[in-house]
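I have a structure I would like to understand better, so I am pasting it below and will then ask my questions one at a time.
The first chain written gets the first letter, and so on, giving A, B and C; residue counts start at 1 in each chain.
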Amino acid sequence: MDEDRFARLEQRVRRLEDELEITRLIASYGPLVDAGAAGAVAQLWTEDGEYDVEGWHMRSRADVHAMVESAAHRSLIEAGCSHFLGPAQIVVDGDAALAVCESLLVRRADAGFRVWRAGANRFQLTRTPRGWRITHRVTRALDGAAAARDLLRATVAGA
Amino acid sequence: MDEDRFARLEQRVRRLEDELEITRLIASYGPLVDAGAAGAVAQLWTEDGEYDVEGWHMRSRADVHAMVESAAHRSLIEAGCSHFLGPAQIVVDGDAALAVCESLLVRRADAGFRVWRAGANRFQLTRTPRGWRITHRVTRALDGAAAARDLLRATVAGA
Amino acid sequence: MDEDRFARLEQRVRRLEDELEITRLIASYGPLVDAGAAGAVAQLWTEDGEYDVEGWHMRSRADVHAMVESAAHRSLIEAGCSHFLGPAQIVVDGDAALAVCESLLVRRADAGFRVWRAGANRFQLTRTPRGWRITHRVTRALDGAAAARDLLRATVAGA
């Protein structure tokens, strides 16, 4: 058994671990934000990570924390809602990664629930000493405008 | 190449296999329950596994089987429905695991479909000689009540 | 360290890589088709791959490309829509694989969005020199008809 062959296999395993760690991170966003767990949501980003969503541009963990604690968000979760993210397409490149997924904002209404918004999401992530974190997330409504469609193409050309 | 280093890599691979096996198990619930495949759905649980969903507390495989065969469930699938589960956030700890995801119950209505319920789900799982199985699943509507939000926080503190 | 033990571990790692590659492929369908990226969508299939969806049976990459470029599809995405696929249950068997998932077609309507269709999807895939590709995808509406329910059972008996 030579060292090189073993090192290559270790590298492949690390690549799989990276991908599953990012999968877990993105899968945790919806549950945590719908629970109102502001501290845990903020920890998904780097200290100066950004979240740019339809006219609300957060530029730090503190901004993300404030969004989850805001009256607007609290009224959403108290009335009943689901930030439902689909499976992400993840592309890892060394210590950086890109992930694209669609999302639905579902709110309680009438006797059931309604889809309030369908969105396109692009996440840029970085490996930190404490694990993968989001550096930049952009979300745009899938309302026919080009902005959302451009986000969805993010993985086609690159990585 | 020393034995310890090899054993550590085997352990990391097993951890990834566990996580993907649980991913498959949870991803199969919706398709199987919408197909009315009662036997296959029941096999996702341990013999005495529990499924506690909004006033219906099943306490065994036989109970889960009976739910899928019930007139209520059959009328759901014959009218057209989707038990749509999102990607699960999975935390494996030795022979136990915890998974959290949100879900939508979508039913045919009018000219299209409607979201009947958005739910929070917490799965507790155990490793058995025949693979991972659910020991306890709790589902609560995301209707603004604290019960659902508490389930969504399940992975924050622990495991 | 013996060669056999190392080869077995390599095989397990490859199996995990296969499963995650297919996960990425299926997770990319919705974003790419909603972006109108016809070339990239067509590349998810083999050259003579089929996509059979509710009265539209495509039999090649060129057919899939034409669907994405069609006036019908363009009007969908220009009005705002999400082809939202759930997490797939993936079963790999050597150079072939089977995947089952549910999907929602969500369209902009009124002040928000509506679920136009809930569907059952079965993907058959093959390993090619350039990676995994779809050879046959069948999608049927979850409208109570047996056709959709049969697709959802695909992984129960086989693989």
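Keep in mind that, in the parts below, a contact is a pair of C-beta atoms (placed from the backbone, for glycine too) under 8 Å apart; a residue touches a chain by one contact, two chains touch by 3 or more.
All values reported here derive from a predicted model rather than from experimental measurement.
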item	value
Size of the rotation, in steps of 5 degrees, that lays the CA trace of subunit A over subunit B	120
Interface numbering overlap (same over half, different under half) for subunit B and subunit C	different
Subunit B-subunit C separation of Cα centroids, rounded to whole Å	22
Residue numbers of subunit C (touch at least two other chains)	1, 6, 9, 13, 16, 20, 86-88, 104, 114-115
Residue ranges of subunit B in contact with subunit A within the complex	1, 5-6, 9, 12-13, 16, 19-20, 86-91, 100-102, 104, 114-118, 120, 141-144, 148-150, 152-153, 155-156
Residues on subunit A engaged by subunit B in the complex (per definition of touch)	1, 3, 6, 9-10, 13, 16-17, 20, 23-24, 26-28, 30-32, 34-37, 40, 77-82, 84-88, 104, 106, 108, 112-115
